[in-house]
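Look at the two complexes coming up: subunit A is in both, with subunit B in one and subunit C in the other.
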Partner chain A sequence: MTRLAFYSFIRSNSVKIGLSFLFLTGIISLFIGKQFIEKQKQNITDTAIYQKEYITQNVKFHKDDMGLLLYYLKFSLINEVPAISGLSIGQRDVNPSIKSVTIRGLEGQKYDTDLNNPYNSLLGSLDFSFVLIFLFPLLIIAFTYNIISEEKESGTWRMVSVQSKSLFKHINKLFAIRLALILVVLLLILFLAIPVLNIPINADFWAVLATSVSYVLVWFGICFWVASLQKRSNFNAVVLLSVWILLIIILPTAVNNYLVNKYPVPEALETTLKQRKGYHEKWDMPKNATMDKFFAHYPQYKKYPVPEEEFNWLWYYAMQQMGDDESLESSKEMKEKILLREKSSRAIANIIPTIHTQLAFNQIVRTDLHNHMQFLDRLDDFHEKLRLYFYPKIFENHLVEEENWSKFKPEYAVTAHQINWGESLLPLLLVTALISSFALFNLRKI
Partner chain B sequence: MLKAINLLKSYNGKKALDNISFQVEKGEIYCLLGQNGAGKTTTINLFLGFIKPDDGNAFIDGEEISTGTSSLNKKMAYIPEMVQLYGNLSGMENLDFFSRIAGFKYPQEKLSEFLTKAGLQEDAHRQQLSSYSKGMRQKVGIAVAIAKNADVIFMDEPTSGLDPKAMAEFTESCKELAATGKTIFMATHDIFNAVNVGTKIGIMREGSIIHEMLTTDIDANELQKIYLETI
Partner chain C sequence: MNSEILIAKLFWKAAFKNKALFLLTFIIGLLTVYAAYSGRKNFKIQNDMRAKYQTEARKDWVDNPDKHPHRMAHYGHFAFRPKASLSVFDFGMESFLGNTIFLEAHKQNTVNFSEASFSTGMLRFGEISIAMILQVLLPLLIFFLGFGAIATERQNGTLKMLLIQGLKWRTLILGKSLGIIAVVMTLFIPIILATIFICTGFQDMNTSTDELIRLFFIIVFYFIYLVFFCVIAVLISAISKTSKAALISLIGLWLIFIIVLPRISQALGASIYSIPSKAKFESAIDEAIAKVGDSHNPDDPHYKALKDSLLAVHKVDSVKQLPFNYSGYQMREGEKISTNIYNQHYNQLLDIYQKQNVFSKTVSFLNPFMAVKNLSMALSNTNFDSFIDFQKQAEDYRYDLAQQMNNLQIKHISNEAKNSADKNHILDKEHWEEVKEFKYEPSGILLVFKNEWISFAAFLFWIGLLAFLIHKLSKTLKAI
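Up next, the complex of A and B:
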């Protein structure tokens, strides 16, 4: 019976077109992801070459002045782009995966980024997560909105009702056939992603797969519930499309709007201003005022005398340091606010499957905000390490040529990554169970 | 085999069935005549369990319909005015599908035999149903009923729109089924077919059975006269 119901379904041209379209879009999304990964890899390769060339050139130009040389030199830190991130580009298209910084004030450099075409940001990326979150539900709706209702409208249902030993089982089989076909397309796309994106088959991959399947189950749950109301096909279609618009467009926009208003980040501007002011105003202040604060921060450098000449690199880098120190509080507050927004959006997302799936994907493939904030923390450490290494060499005016500059290659940030299976899957499975139980309740007397 | 006792059904205060009672014996073909809205389809829907009576009782083989048990379901088959099956399946696949959901698994040869018995030419067995005429669909519907081996077959205007040849074949199939002990309860407009195929005739008006007669006691002309006077 299942075989025949399957034939009846799959022989429809609209089903074949729908499945082919979804599969094709999925494949396109993989190649878009591949393009993104390759671009990122190329950027990393280019950065290593650029850094080497830039250091070599500047060492040649400023061989007599370590302080001046380090004014110019940039050192890169890379937030590695795992191959699996091609499945969900997330915030990596706006948050850079490579930061190149000098040892001058860090705060101002943290948010320097390449220019992005705003039209690209507006359109978003047609990556796998987009196909799954936006397009899969549409096909699920198209395949299931008229289960029961179409048969009632065409008259087949009466024959089925009289013949069938269990209408409930019959309905379940119809849903199971559609679910199986959608899952086949989903798995085909994901398993094709392995060779296309060169994804290792590890916990990250299985987590993406499990989250994708859970998300598909949520939509089947919703469609099952609507079918269980046993209304007409056009009613079902309108309700399901309304749910799609609500979950895909309205709620994410509303949640974003709510969070932006609830947690405004005036500290973003404040940090920039404080950093600039913290540095620039020191030019007009007595050197002692700057140096006292600098020595309080780094007591190990108290051994260097307060400079008396008009310009000195110790004083200059102390001024730069003050820019960071004086904007430290607002920078921390900004970070806390951003993380609070992230935390709140995750909490709200627990009951909104679309947002939850996107956040879960980004978290698994490391393209989320949390990963970027960790990267910025590692950038702090990286910058501090560079400062602590070069400060004494600048203050003691070491010879440029004595330094082994070839050892300064781009470094990779180590960010913590852990898959929380429960956090990723449980909200989706609970929503599915809840909605399906409503449907089962509606169908209890069928 | 079929028994209705004081069945009452109203829609928005309007009586669709008004205390109707009748009885159909095993192997009988009971034809229910009446105009549109007389209550014929309501009667069938009630026996099939699609609707519940406001009052009264209906029985199939002594078992009350309201129990809705699966054993009741096994006892009945249904052929509607337009037999709607799955257009993407062939006649044989449809028969197989509807047999399987009823709990019967037949080999291909047996399915083919049922279709042939119902009057469907063999070269059409494996054609997609979307290419079938109404008459061919009705035959698949009969085959479904035969394959289910149901004791009672309810038919709602089954000959409506059939060409004379198809109607003759359909009539023949019904008689063959009745000869094997199946009970047929048919709602129809067609007086001549009722006399030809039926063993007992009931004439309905406004939810009531006004006349009931055996076809052996009456010919088509007399029935037409009574019918026209009744409605």
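Up next, the complex of A and C:
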């Protein structure tokens, strides 16, 4: 009986077309992800080559002035792009994965953007997360909207109710067949992703898989519930499509507008203005005003005498430092504001499965905002490390040729990353359980 | 024409008997109110914020004490991109565009702090604006209204009777389309009135003529866009055997138009034309500058020749004896060379972007959604061209500012000055006020016609296509 039901379902042309369409877009999405990863890799290779060239050339030009040389030299920090991020490009198309900075004030360089075409961001990428979140539900709806209603409409329902011992089991069987088919397509795409994107099979991969399956379950739960209302097919189709539009278009866009207006980030503009003033106004002040603050920040440099001459690199870098020190407060506020945004959106996402799945994906594959904020923190550390390394060499006027410049290669930022299984899966599983229990309640007397 | 109107009237009456329609209209109305409210609020928050910091940045600039002009060239200025007033209607690309750029000598900075860079990832789903409701939700409503227009009559057998009575197919299609249009107008007209009110009424009554013309075109083209969908709904309904089949085809079409095609066209463009990495882009510029003349290279032949010719013309043997500040002169030359080269490279990059976008623009011939999306953004001044326009104005300002400071240095600073920290060689601060404040002037509507001709052509194409289909199908359609 199950076999029969399976074959009669799969024989339909529209089912075959639907499944192949989904599979095909899934495969296309993998290649789009692959292209993204390769582009990022190319960027990293380029950065390494040009950093080397740039250093070599400037070392040649400014061989007797360490201070001037470091005015120009740029050092790159890379936020690694894991292979699995090809599945959900997330915020990585907007937020750069490479930052190149000089040892001058950081706040003036920290937020510089990459080259990108905003039109592409506007239309959005066709990555796996899009296929899963947007397209999978449509096929689930198309496969299940008429499970009870069609038999009622075509008059076979009575036959079924006479023949099968338990109608409830019969319905479950029909849903199970469709769930199995959808899951096969899903797993096929995900397992193909392993060779296409070179994804290591680790916790990240299993987390993406588990989240995807849970998301599919949510939609089956919704369809199961609508079927349990035992209305006409047209009604079911319209209700399910409305739910799709609500969860995919209306709620996320409305929530986005709400958050944008609730948490604007004027701190960003404040920071950028403060760092300019903090640095530049020092040129017009007596040197001691700057040096006192600088020595308070770095007591270890007190041993260097306050320069007498008009211009001196110690004073110059101390002034640059003031740009960062005096914008520190607003920079921190900006960060807090952004984290606040993140917290609110996560809280809202808990009850909206579509948003939740997108955010969970981005978090697992490290393309989320939080990862970028961490990267910026690492950039702070990286920059500080460079400063502390070069400051004494500049202040003591070390010889340029004595430095081993070839060791300054782009570095990788180490960001903390962990998978929170509960946080990723629970909201989806709870919604599924809740909605399925409504359905079971409706079907108790069938 | 009378029978068309009669059919339309009947459709109208039938439509308003449907309670679900009231519910849908109510929901869309509610969403419009929210979209208008949040669009307006965002406009106010952002523009107040940007105006505040623009004023502050200017104040900081003017408040500078007497100093060496080159210090001022480095002090620089900021340009904060103001949001266009029609962005209340269509957010367009706004959220993906940076809004803050630092303008200083020697260096073209990036435009930072786009809304997208602060986004948690939710922006992927889009934003709700009045334009989005008109572009995305109303077509779907039209399809719900119209899927049964003819297919139901066919299923009921009433279609045969109508045709036997001598009703022409053409009349039927036009009449039903007219009916749907009439029903949709009950939403469209209030939405448009609200838009006009919000975009013009709030701005202390000084809406420019340019904005009014833009608004006029927005109304006209959205109207045409919605008519397209009304006709498509009726045509699909006419060729479908059952109303269910019509509904499924229409929903499929909607998904392809709105959800799938835009992303595919984007992916196609981005995969064929690749953007260089930032490292490569910057290094190519450095290399090109080094070929012409690098002011950082002490042995650069270009600057050596420049110096020698200056010394020869003025018949002196060291730059210190020149009647003007040599270092300023050298920097003016350097700024000219580097800016020219940067602009060349940046324009090449913009060309790549344009090539990538050609797919998304030409797909308008397959997809009226893209035609209206592109046109609407352009008319609302929220597209990439408006952004580039801002960036160009900011860059011109930057260049002028740097050269103005160089000229002040050439004219007023002695060759005895050791460097810009030399307190004995400074300039009176009254000169800082001479630099005009940056003010972004949005481009006129004429540019929209030039840049968006593809979208206009796509609209014409769709008008032609649908007229042809009505004509053709009127002859070939069967009653059963």
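Convention: the second predicted complex is superposed on the first by the 446 of 446 C-alpha atoms of A that agree within 3 Å, B and C clash if a C-alpha of one lies under 4 Å from a C-alpha of the other, contacts with A are read in each partner's own complex, and residues count from 1 in each chain.
In this text, a residue touches a chain if its C-beta (ideal position, glycine included) is under 8 Å from a C-beta of that chain, and two chains touch if they have at least 3 such contacts.
Note that the structure is predicted; figures quoted are calculated from it, not measured.
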>> Please determine, from the superposition on subunit A, whether subunit B and subunit C clash or fit.
In response: fit
> Counting only touches as set out at the top, which of subunit B and subunit C does A:Tyr72 meet: first, second, both, neither?
Replying inline: second
> Centred on subunit A, what angle do subunit B and subunit C make, from Cα centres, as a multiple of 10°?
Replying inline: 90
>> By the touch definition at the top of the document, which applies to A:Val94: first (subunit B), second (subunit C), both, or neither?
In response: second
>> Looking at A:Lys165, would you say it contacts subunit B, subunit C, both, or neither? Reply first, second, both or neither.
In response: first
> Thinking of the overlay built on chain A, is A:Ala176 touched by subunit B (first), by subunit C (second), by both, or by neither?
Replying inline: neither
> Taking the superposition as given, does A:Ser345 touch the first partner, subunit B, the second, subunit C, both, or neither?
Replying inline: second
>> If you tally the residues of subunit A touched by each partner, is the higher count for subunit B or for subunit C?
In response: C
> Of the partners subunit B and subunit C, which touch A:Phe311 in the superposed model: first, second, both, neither?
Replying inline: second
> Of the partners subunit B and subunit C, which touch A:Leu429 in the superposed model: first, second, both, neither?
Replying inline: neither
>> Please give the nearest C-alpha separation between subunit B and subunit C in the three-chain superposition, to the whole Å.
In response: 17
>> Residues of subunit A that sit at the subunit B interface in one complex and at the subunit C interface in the other, please.
In response: none
>> Residue numbers of subunit A touching subunit B in their complex, please.
In response: 1, 4-5, 7-9, 11-12, 154-156, 158-165, 170
>> Quick check on the complex: what are the subunit B residues that touch subunit A?
In response: 48-50, 70, 73, 76-78, 80, 82-86, 88-89, 93, 96-103, 128, 141, 144, 148, 154
> Contact residues on subunit C for subunit A in the complex?
Replying inline: 20, 31, 34-35, 38-39, 41-42, 45-46, 49-50, 52-53, 56-57, 60, 64-65, 67, 71, 74-76, 78, 80, 92-93, 95-98, 100, 102, 109-128, 132, 136-137, 140, 144, 244, 247-248, 251, 255, 259-260, 262-267, 269-271, 274-283, 286, 296-298, 349, 352-353, 356-357, 360, 384, 387, 418-419, 421-423
> If you look only at subunit A, which of its residues touch subunit C in the complex?
Replying inline: 25, 28, 32, 35, 39, 42-43, 46-47, 49-51, 53-54, 61, 72, 76, 90-91, 94-96, 98, 100, 108, 111-126, 130, 134-135, 138, 233-234, 237-238, 241, 245, 248-250, 252-261, 264-266, 268-270, 272-273, 276-277, 280, 283-284, 310-311, 338, 341-342, 345-346, 349, 354-355, 358-359, 362, 367-369
